[in-house]
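Listed next: structures, encoded as structure tokens.
There are two complexes below, and they share chain A, which is joined by chain B in the first and by chain C in the second.
Let's look at the complex of A and B:
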């Protein structure tokens, strides 16, 4: 009896000593910091993997590689710390992404968290970023409610505009071309019955009517539709000079193919996500000429051109012409903010809100935590997807209207 | 005396679980929320499918309806009423579906329920496009994670209690007969349709409530998020692993599997799906009747199974 209790006491003592040793060692470790931990949860599998694998993940990887090759993230005292990445797959599940962010914040105790892909997921994690005090540079989320979100979550930043920004820009361009007498004021419009299509078409209706454009054909189709023949025929028969499809990548490619087969030659052809993928232009060759969509780049921006080249060298493929460059710019902003203010998240958030940054997009300054200097409309011209809207911004290209017929 | 001891132990466990949020960090609490969600889903699923042998893949249809009801009404109704509305919506759907399909048996029922989840998702999508004109809905509620956890804990306890009561009632007896042989059950004067419908409705309402309680955690929902078919499959696998016809079976399946999934996704994010597939195959081969049955056969080799097994994983087509 005595023996056991003595042994128990010894054991307890031993354990306590060990725990004290660990506890004493812990602060020493954190003082001698050897890396900056950056974590993210991204959809590597599931329905969101396609988008995340084009716009978001390659840019995270490119950025980490570049920073680490330069010796790491620079801190205000001029020293550099390499980035240590903690990466999770959210498997395109909302519950999963929420828990992954909780894990990053409280288990891995990372210094910064990069946002997931998609509007829904960025909103799902926004309360967590806010609660744990991390700045959230939400890029791949198009939302008209950004001003409200900034009020709600002070450290959230919204970098890709809202649906009505894009449709207002398109409506403005169409109205101008109509005023010049190049096209009539009729628009035929189809949209995918899913997040992107619905948001855009809901924004487009008021944009068009404000610009005195008449929508003569307006239907939605379920995601995954492959046959657009009847929609194309009806749009062709509607007498509209402008055909707009707020579509997802597979349908964007299908509509392009089927419009050629049907010899459907609208004077303005505006398609959705996928038009800005580099292989769209590469596959279509001269037939891509004049096709319009969201996004676009300024071909004379040297920084962007250099970025595109590096992206292709490092990841093995060219970036898309819409969200990719903004994603990379957001990471450069984070890098610069850390250089100016250190690893204090509060200070970095403040710097992101108020600072001015030199990025691959050119000079960037957020307005009310939102990136407003964006290209809202682009067009394929000479194998490049150049920005054509907003028309009053420096670096804009002149839109070619009407579009040439299919060859 | 023995049963009194069991009750005391259960109450203590429940109290310890209820106190857990005071000692845990956000991640641990998030883990407990997910865990409790699946414990409840698997138990509720087993309440119907495990006892009747009708394998349902419609779990996410009800789960999603619950989430959507919260999204639709969280700004116009007080929270308890929102839950009532969600439960009623789940009940209505369960009655419509149950009346029209519980005459189907075997694989037809499985296929139908799988289709049902997709049907509900498409109907919601159609409604959102044509009526509200936006697909995403926001849930801005001030419910902390601990509140969500406590609700799920209460729901899990209630589900287990209801299951326990039913297993000891006339309804439970009737179910065992139905699971063994429907013809015999009909000849014994058991009202097949009513019995199955009652249980299906009960199970569906619980599943709906799980969706409703968990939804505020996501802030934003759209059909792809609320009607994620993985929920149906995971629920089924968890219940089968533990033993779907036993009271504690789904719990014993859900807890280790959920923790395993979490461990896999944290440590092998790139191989998760492959490992998951291998694991499913292993479960079917190694413990086809569930953990509880396995343990029982190991430890009661001399006794006859003290209770007829209503359904084994491979028992029904």
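Let's look at the complex of A and C:
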């Protein structure tokens, strides 16, 4: 009896000693850190995988590879630490992305978290980023409410503008072309009854009416629609010179194909997400010429051209012409902020808000935590998706209107 | 205008019918509720995409590769995976639940393989994308092809099933799998053949659809859902039913999109679905069984 109890005591003692040893060792380990842990949750499967796999994930991979090849993330004292990635697949489910971000913050205890893909997902995780004190560089989210969100979540950064930025730019272009007498002031407009389409069409209605454009056809369709013949026929019969579709990629491709079949040749053709994908221009060839959408690039910007080349070499495919370069620029900003202020998340957030950064977009300074120097409208010209709005920014190309007929 | 709308509706319906025919055979005759059906379609779409891009084989001739491949693959899947389930259930109701669970797993396996091979990107290419004039309506040639293929395959197989001895044997297995062996039919072989035939039809559909529809490795479930609606609407196991239900859905969607609102197409489809099921619980062409 005594023997057993002594043995039990010894065992408890032994375990305790081990525990203390581990506990004592733990701070030592974190002092001699050997890497910077960066985590993210991204849609690798499910309906969002197509978008995330073009705009977001390749840029994360490219950036991590480039940083690690250079010896790692540079810290204020000049030392470098390699990046260790913790990656989760959110399976395109909002619950899953929230769970993964929580896990990254509390269990993996990563140093920084990169944002997920999509407006809805970025909004879903914003309170978590805020609660755990991580800066959120939300790129692939278009929202007019960014100024409010910045008030609510101080460490959130919104990098892709709001719906009305894009629709105001489009309305301005259309009004100008109408004044020149090249197109009439009638617009036919369709939109997907889902996040992106609702946001954009809600912003477009006031933008168009302010620019004295008359919307003669305005319908929404459910996401996943594959047949647009009846909508195209109605739009063709409406007498509008401008056809606008706030669509998701599969629908953008379908509308393009079906407009060719129907020999529907509006003078201005403006389509949604997917138009700026590199394979859109590659597949269509000369027929892509003149098609407009959101985003665009300045083809003479050397930094951007070099970035596009690297992206293609490393990931094996070209970046898109809208969010990709902004995603990469946001990562460069994070890298530079860490170099200036270290791994303290509060200091890095502060630096992101107030600092000026040299990126692939050129010099970037956020205004009220938002990136405002953006391209809001682009057009396919000579195999490049060039920026045509805002018209007063340096590097802008002249929009070609009316668009040539399908060949 | 009305003629144009009806023609467009029939062409859209052709796609639905084509997608559904394989499932109606698999579910109706082999009695396997194949949830991985849409993945078979997507796999065939990828096959057509790869053959078209890498080897320069146009999608139409690649049907000759895809259909036998689909047949063989489904034949093997049935033999390895589903036959033990059939044996265990002994013809009872357990088979339906078991096959749903098993093919649900298969769905993720096929999807996972495609994700590893091709990633999650949107895939689209353009083939036969030019207008054909049908009674004054300009119809995309590739979609018209889907309709023609649906009518030819659906009509041809319907005739085979109803007019030949071989078809009668298959239908016997569908109606009474336990009694079929009594008259000398090898029920197991017939079911296996029917399942493989359904797989071949699915791959044909996949190849044709890839010509005009953007797809990703994970979009198979959309096709399974659409096919399931068409199959149940038309009557399980009935090819003529699948054909007419597919055309009906296409017509309804196009008419609603033109004359009511494109936003209500889905609502209209489900209303028709509900209405038909209330009126004829076993589908348009289905017979009350068992």
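We take it that the second predicted complex is superposed on the first by the 407 of 407 C-alpha atoms of A that agree within 3 Å, B and C clash if a C-alpha of one lies under 4 Å from a C-alpha of the other, contacts with A are read in each partner's own complex, and residues count from 1 in each chain.
Following the convention adopted for this analysis, a contact is a pair of C-beta atoms (placed from the backbone, for glycine too) under 8 Å apart; a residue touches a chain by one contact, two chains touch by 3 or more.
This is a predicted model, so every value here is computed, not measured.
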First, second, both or neither for A:87, with chain B first and chain C second: first
Partner chain(s) touched by A:151 [first = chain B, second = chain C, both, neither]: neither
First, second, both or neither for A:220, with chain B first and chain C second: both
Partner chain in contact with A:45 - chain B first, chain C second, else both or neither: both
Touching partner for A:405 - first (chain B), second (chain C), both, neither: neither
Touching partner for A:198 - first (chain B), second (chain C), both, neither: first
Touching partner for A:123 - first (chain B), second (chain C), both, neither: first
First (chain B), second (chain C), both or neither touched by A:250: second
Residues of chain A at both interfaces, chain B in one complex, chain C in the other: 44-45, 47, 193, 220, 222
Residue numbers on chain A that touch chain C, as the complex places them: 43-47, 49-50, 52-54, 190, 193, 219-222, 224-227, 229-231, 233-234, 249-250, 253-254, 257-258, 260-263, 274, 277, 279, 283-284
Of chain A, residues touching chain B in the complex: 44-45, 47, 87-89, 91-96, 98-100, 102-103, 105-107, 119-120, 123-124, 126-128, 131-132, 152, 193-195, 198-199, 202, 220, 222
Of all residues in chain B, those that touch chain A in their complex: 25-28, 30-31, 34, 37, 122, 125-126, 128-129, 133-136, 138, 140, 214, 217-222, 224-225, 228, 230, 262, 265-266, 269-270, 272-273
Touching residues (chain side chain C, partner chain A) in the complex: 4-5, 8, 12, 15, 111, 115, 119-122, 124-126, 129-131, 138-140, 212-219, 222, 250, 253-254, 257-258, 261-263, 265-266
